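Think of it as A, B, C and D in the order they're written, each chain with its own count starting at 1.
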Amino acid sequence: MAEIVTRIADADATSITVRGKDLVGELIGRRSFTEMFYFLLVKRFPTDGEARLLDACFVTLMEHGFTPSALIARLVMESMPSQPQAAIAAGLLSVGDVHAGTMDGCGAILHAGVASGEEPAAYCRRVVAEHRAARKPVPGFGHPFHKPDDPRTPKLLELAEKESLKGDYLRLLRQLAAEVDAVAGKHITLNATGAMAAILLEIGIPPAMLRSIAVTARCGGLVGHLVEEQDTKSARYIAELARANIPYKGD
Amino acid sequence: MAEIVTRIADADATSITVRGKDLVGELIGRRSFTEMFYFLLVKRFPTDGEARLLDACFVTLMEHGFTPSALIARLVMESMPSQPQAAIAAGLLSVGDVHAGTMDGCGAILHAGVASGEEPAAYCRRVVAEHRAARKPVPGFGHPFHKPDDPRTPKLLELAEKESLKGDYLRLLRQLAAEVDAVAGKHITLNATGAMAAILLEIGIPPAMLRSIAVTARCGGLVGHLVEEQDTKSARYIAELARANIPYKGD
Amino acid sequence: MAEIVTRIADADATSITVRGKDLVGELIGRRSFTEMFYFLLVKRFPTDGEARLLDACFVTLMEHGFTPSALIARLVMESMPSQPQAAIAAGLLSVGDVHAGTMDGCGAILHAGVASGEEPAAYCRRVVAEHRAARKPVPGFGHPFHKPDDPRTPKLLELAEKESLKGDYLRLLRQLAAEVDAVAGKHITLNATGAMAAILLEIGIPPAMLRSIAVTARCGGLVGHLVEEQDTKSARYIAELARANIPYKGD
Amino acid sequence: MAEIVTRIADADATSITVRGKDLVGELIGRRSFTEMFYFLLVKRFPTDGEARLLDACFVTLMEHGFTPSALIARLVMESMPSQPQAAIAAGLLSVGDVHAGTMDGCGAILHAGVASGEEPAAYCRRVVAEHRAARKPVPGFGHPFHKPDDPRTPKLLELAEKESLKGDYLRLLRQLAAEVDAVAGKHITLNATGAMAAILLEIGIPPAMLRSIAVTARCGGLVGHLVEEQDTKSARYIAELARANIPYKGD
């Protein structure tokens, strides 16, 4: 087997090195969580604009009320109150194909489109037609109650416009949105996951790791639910609600 | 049962509210991950100094090489490559009593000491004596290879000194360190978890949630290991190392 | 470091060995799940009576309706439908200090009592008095709705009486129950976790591993919830119930 | 929304009902773990032969030495020794697409083939040709070190032959094995996951739940690793092995 190495971290008695930087001399006190996250993921530091946009995506994703992840974290917290990391871990398991998948799915479409070099309008026509034929929504479009527009989307796109980005993914997203509307014959919501997919690709996040931004954001957000759970004891009430509203029926 | 409410988040067709703030108008593009994390946890925004110290703690904790959490995340990534959130969740389960416990333990000592109003020197003498009697190290002290000093500790304390903090927890920590050395008859390393326990209490993190800072930091750090795992396929090698070095022995 | 070995399993091109037995020749087709579980845990095969009692405990613990573990498993299943192991793993995290803890706690009392050799009546008086002083229920006693008696308890104790057991733990449990009633001045339910703690200790399960019987039983039981979730889509409904019944309240 | 019901369990003060059976009167002491598992999953009790085959599959899958699941469970146990359910949960996350996927994949082929009613030889030719074209192994075939034959496979097939089964899935598996060999021009190992996929379908396990048999078996098996970990402290050694053998390399 070829030698396997790591390029992440090293330590000796007097120093800790992270991707070639001295942790104490170059990172602690000089870099934010967001910059360090980007550095570990992309292997270079973000520009100020890239860091601002990554923060905007983090802030957008951190908190959404009683999502499955929050419910799960509260239920585990009630069961194992001394181990908040277990409640967080369980909650993060639900940031999966369904709840973070539209960002992944929209990102994959945008990434493939830019990588292919195909003429954007033609590419978008083909993608929308394929989804229509499969009777599937185009990922990044539609929202259960933010209609006609997701309030987060224009804000995120406006922030992106202020930064000097190459812009390929954002342009393709706008083209895709126009095509989605044209084929539907009406305006379909471009939701926040679609906008974030384009923005995160613009700032260099690898397509296979888009979901990790949602996971990390939600990790931070779940901490707020654990704090509230300590006060309100909602977990027992949620279990009672389920029992009271989902009756047993014999065969 | 008394009515249970949530004070975290609300949404309607055109807006999302998080702890009374409008997500689009007041948070996205205006606040960083670190400020938002603090806001969700402490229920007010941090001062700039508090945010700087929280970032310093996050950066200190994000990456430590092949910790159990990194090994676990890599092993799960190899088993379920399409679901990075599962790899992260599994890795976070190990940020528990042993690996994040010294921060919790040191924080509990500092919190109880300040809350009690006991004379600091007397309190520290009692705490150190109790640990000595139980043959347990005082949490926050000692390190397997950062000797005589943990390089992160002076950096963290230096950063804390630059900010205007009340200082009770930091003073008690210094007193505790002096007492640990006096009783041991030699210098014992004040490690980074001890320094961070004091700093996080200074900036208002609830004692029961100190661990959540380690969990969130590590969540971000694990993403870097998943990216590397995609390239190096270390998980199979780690399993082979275990099999080759832990032989089977019949009874 | 001393050499570390494993006594669990070995394999070569033509055979697999588990704790000294040939998997193909001695285990597959000859042993049940329950016997193999006992063998891996206790390092010898159970007698027929021990296997019957372990099965009785497994069956008792497998299914309890909409427990936190079932709710969590359903919520994760909805989020990541292709990965049932993630739903099961998340659900099992809630089989923790609160929901499996009474079996652990009662088992610890019974184990310490028998190990100490203290006169049983005196031991039980002391234990019950200590719990009363701390205003804590004695683990294994009391039940939210199975009153005055948990219907599972007499059945489990009756099954235990049919087998030839040493009986120390069961006798101590009866003594403890008498003392609990005497001190309370009324009959307190001896619940199923109390009975199972005594039975599992009688058949040689290590006290620190009592919880693993609950975890394994619940693992099997959660599979039934995943099958039902595929049909009923209860997870979205549970999340809606929580949102509808736990209103947002601004500060 | 249509009313959602559960058909799994109900309880009142004096009784517990599981899928229409009285837990105390009809299940505890009368049914084994394996029968109860089948009952919860398939919604009827197994015949004796079905239970024997399910036990044979469980026993085959419970223990495989230092698999990723065992390594992960040991690493989490070291980090959170008081919570064995967390160690088990983390380990089970690795029973995923890679390590349980071949049983799922082979089961999907067998299920689709029988459901389609296509002529078996033609179906197998098509399936093998498609995998060859995609340069993918046919799931259920090949093994890294059990060559030329997996010792578990003939044993499992021999046990299946003793029972009165319809036999469609087993016949299709034999046809598939013949075609795999014919196309390869040499004998390819039919591994245990292939044999178990056919057997579990024969006894009525739903194709989407084949993996749950591996998950439940491994849950039981991991308990043995936790017991050994308490004695040997292998987790720290495994982490040291990784650090010593995967050196840091700066960019």
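By definition in this document, contacts are C-beta pairs under 8 Å (C-beta built on N, C-alpha and C of every residue); 3 or more make two chains touch, one makes a residue touch a chain.
Just so it is clear, the structure is predicted and the values come from calculations on it, not from any experiment.
K.L.:
Between chain A and chain B, two touching copies, which fits better, same or different residues at the interface, with half of the numbers shared as the threshold?
P.N.:
same
K.L.:
For the pairs A-D and B-D, output the one whose chains share more C-beta pairs in contact.
P.N.:
Most C-beta pairs in contact, of the two: B-D.
K.L.:
What's the farthest chain from chain D if centres are computed as the mean of the Cα atoms?
P.N.:
Centre of mass proxy via C-alpha means gives B as farthest from chain D.
K.L.:
Give, as an integer number of Å, the spacing between the C-alpha centres of chain B and chain A.
P.N.:
23
K.L.:
Just curious, how far off is chain D from chain A if you go by their C-alpha centres, in Å?
P.N.:
For chain A versus chain D, the centre distance works out to 32 Å.
K.L.:
Just how far, in Å, is the C-alpha centre of chain D from the one of chain B?
P.N.:
38
K.L.:
I need the residues of chain C touching at least two other chains; which ones are they?
P.N.:
4-10, 65-66, 80, 83, 86, 89-90, 93, 95-97, 234, 237, 245-246, 248
K.L.:
Would you tell me which residues of chain D are touching chain A in their complex?
P.N.:
Within the complex, chain D contacts chain A at residues 3-10, 17, 19-20, 43, 80, 83, 86, 245-251.
K.L.:
Across the complex, what residues on chain A touch chain C?
P.N.:
Answer in residue numbers: 65-68, 71-72, 75-76, 78-83, 86-87, 89-90, 93-99, 234-235, 237-239, 241-243, 245-246, 248.
K.L.:
If you look only at chain A, which of its residues touch chain B in the complex?
P.N.:
Against chain B, chain A makes touches at 1, 4-16, 18, 23-24, 27-29, 31-34, 36-37, 40-41, 52, 54-56, 58-60, 62-66, 83-86, 88-90, 92-93, 95-97, 100, 145-147, 151-152, 155-156, 159, 206, 208-209, 211-212, 215-217, 219-221, 223-228, 230, 232-234, 237, 240.
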